[in-house]
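Sharing a structure here in structure tokens format.
Order of writing sets the labels: A, B and C. Residues in every chain begin at 1.
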């Protein structure tokens, strides 16, 4: 297993935990909680795969994803109180997941022969639409439309990746730098309470 | 037309009626009601087909599905009062549909060369996501996340099908037994008011 | 660029503006507004392409769509007050988009070898599901299920196109006539406050 594979499983794991927490807050039953955890973890990548015409999606071709999601479910369901106390560490992993899914989604789209503009869009879709589907299924206005710098951090990370790629051949380094850009912007946004202007009337 | 085909049309018909009833309750207009009826009937199978990469979906390759849905719409729209009185019989057909769609979805996924774990997941998706899409489109928190044993009955039926398949070669019998398992669990859950624990904090 | 291509870009542009306006009303941030604009413009055609198995969707194969959407976003975001005053003209373009997307969706489906019944359904899906996805993402009951003749105008335009096609070989004329049917019905419905019966209990 490569470092990137490992980090993708970590991202899946943490995104699943975030979905389970939301479902627990909403008082869903066990099955509903498991479904929301799974959808949050794999929804973005699945939507990307459907859009770029690469089906069945990755998680359908390797059972590891199902086991990662199921482990996240078991752990967060039965140790829910402890997980909540770990919120700060969870935020870090969630943000790593965000950065990784952006760059992995971008790369997969380029590998399918699509343009770099579309690859940037698909990178952002991979990273954020799991959360959007989670919010739609739990009948909330998606969080990313209302709060904080989230999709835009992914977007900037994707642009940085493309820029570095033009001038450098050290692929692994490029991935690490652009993931760090996403993490940096997102963390700064939360710590410094950055936000984007809401709308032209304000 | 085989027995299985016939039962699949019955399931489609009854799921469409359930969608039409929901839309009528929500005061949707004629077109909205027809759309919700159709989405409830074919949404789960369509999502499965998109995910496993088998598009166009079955209902797009045979017009029979459209006619079945349209008949269900006409009947339930114009004889709405009588249909409501038949609720108990409708429940039976809805539950038959649930069982059938689970096993048909599982089999179609295996036939596409995917693993049995994924086939179980896709069986449940086929059976329950029509209702989930109906609830999302009518702006409700999906019922299956909140109430009663529903997705879990499908899940157990799918497991039973796989288990019997390991030891028996009587395919038709396996289908019937596992569909009956779904029907039995679902019916018992409703009659005996079984429910799954809501969440770890309770 | 053919006249049809040009009109498709116009439809995309106007649908994007309608999405941006909705997001501004909902007080989404800049990124959320851009996403809702894009989804409204290309959601219906994308869903059609996924359903008929023609992925990646058209907008992923030509960057022009992204630029059209981005222009619509910039213009409607920064000149929002003026755009609101142009509502009447916007309605005309929105209705042209509705008619065009219906007939283009129908033709693309027929070109994929699917039946005319399915082509009619896919024409309507192309035209109206962008708006449905917009409403789902902004947590509203989709407008088309509740108000005015909208999907039904598309449906009738699609039928007219098929009927003329049986008796005439002047393809361009057929397109224009059936798009005008959609525009005519939709405009009459709004001006004369036509509506479809809500439900059998009224």
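Note that in this section contacts are C-beta pairs under 8 Å (C-beta built on N, C-alpha and C of every residue); 3 or more make two chains touch, one makes a residue touch a chain.
From a predicted model like this one, the values you see are computed outputs, not experimental measurements.
At the interface between subunit A and subunit C, under half of the residue numbers appear on both sides, which makes the contact a different-residue one. Copies subunit A and subunit B of the same sequence differ in orientation by 120 degrees, per CA superposition (steps of 5).
Subunit C has its Cα centroid 30 Å from the Cα centroid of subunit A. In subunit C, the residues that reach two or more other chains under the touch definition are 50, 136, 139. Only residues 23-24, 26-33, 35-36, 46, 50, 55-57, 60-61, 63, 66, 77-78, 80, 136-139 of subunit C touch subunit A when the two sit together in their complex. Here subunit B touches subunit A in the complex through residues 50-53, 112, 114-115, 117-118, 121, 132, 136, 139-142, 144-147, 150-152, 155, 195-201, going by the rule given at the top.
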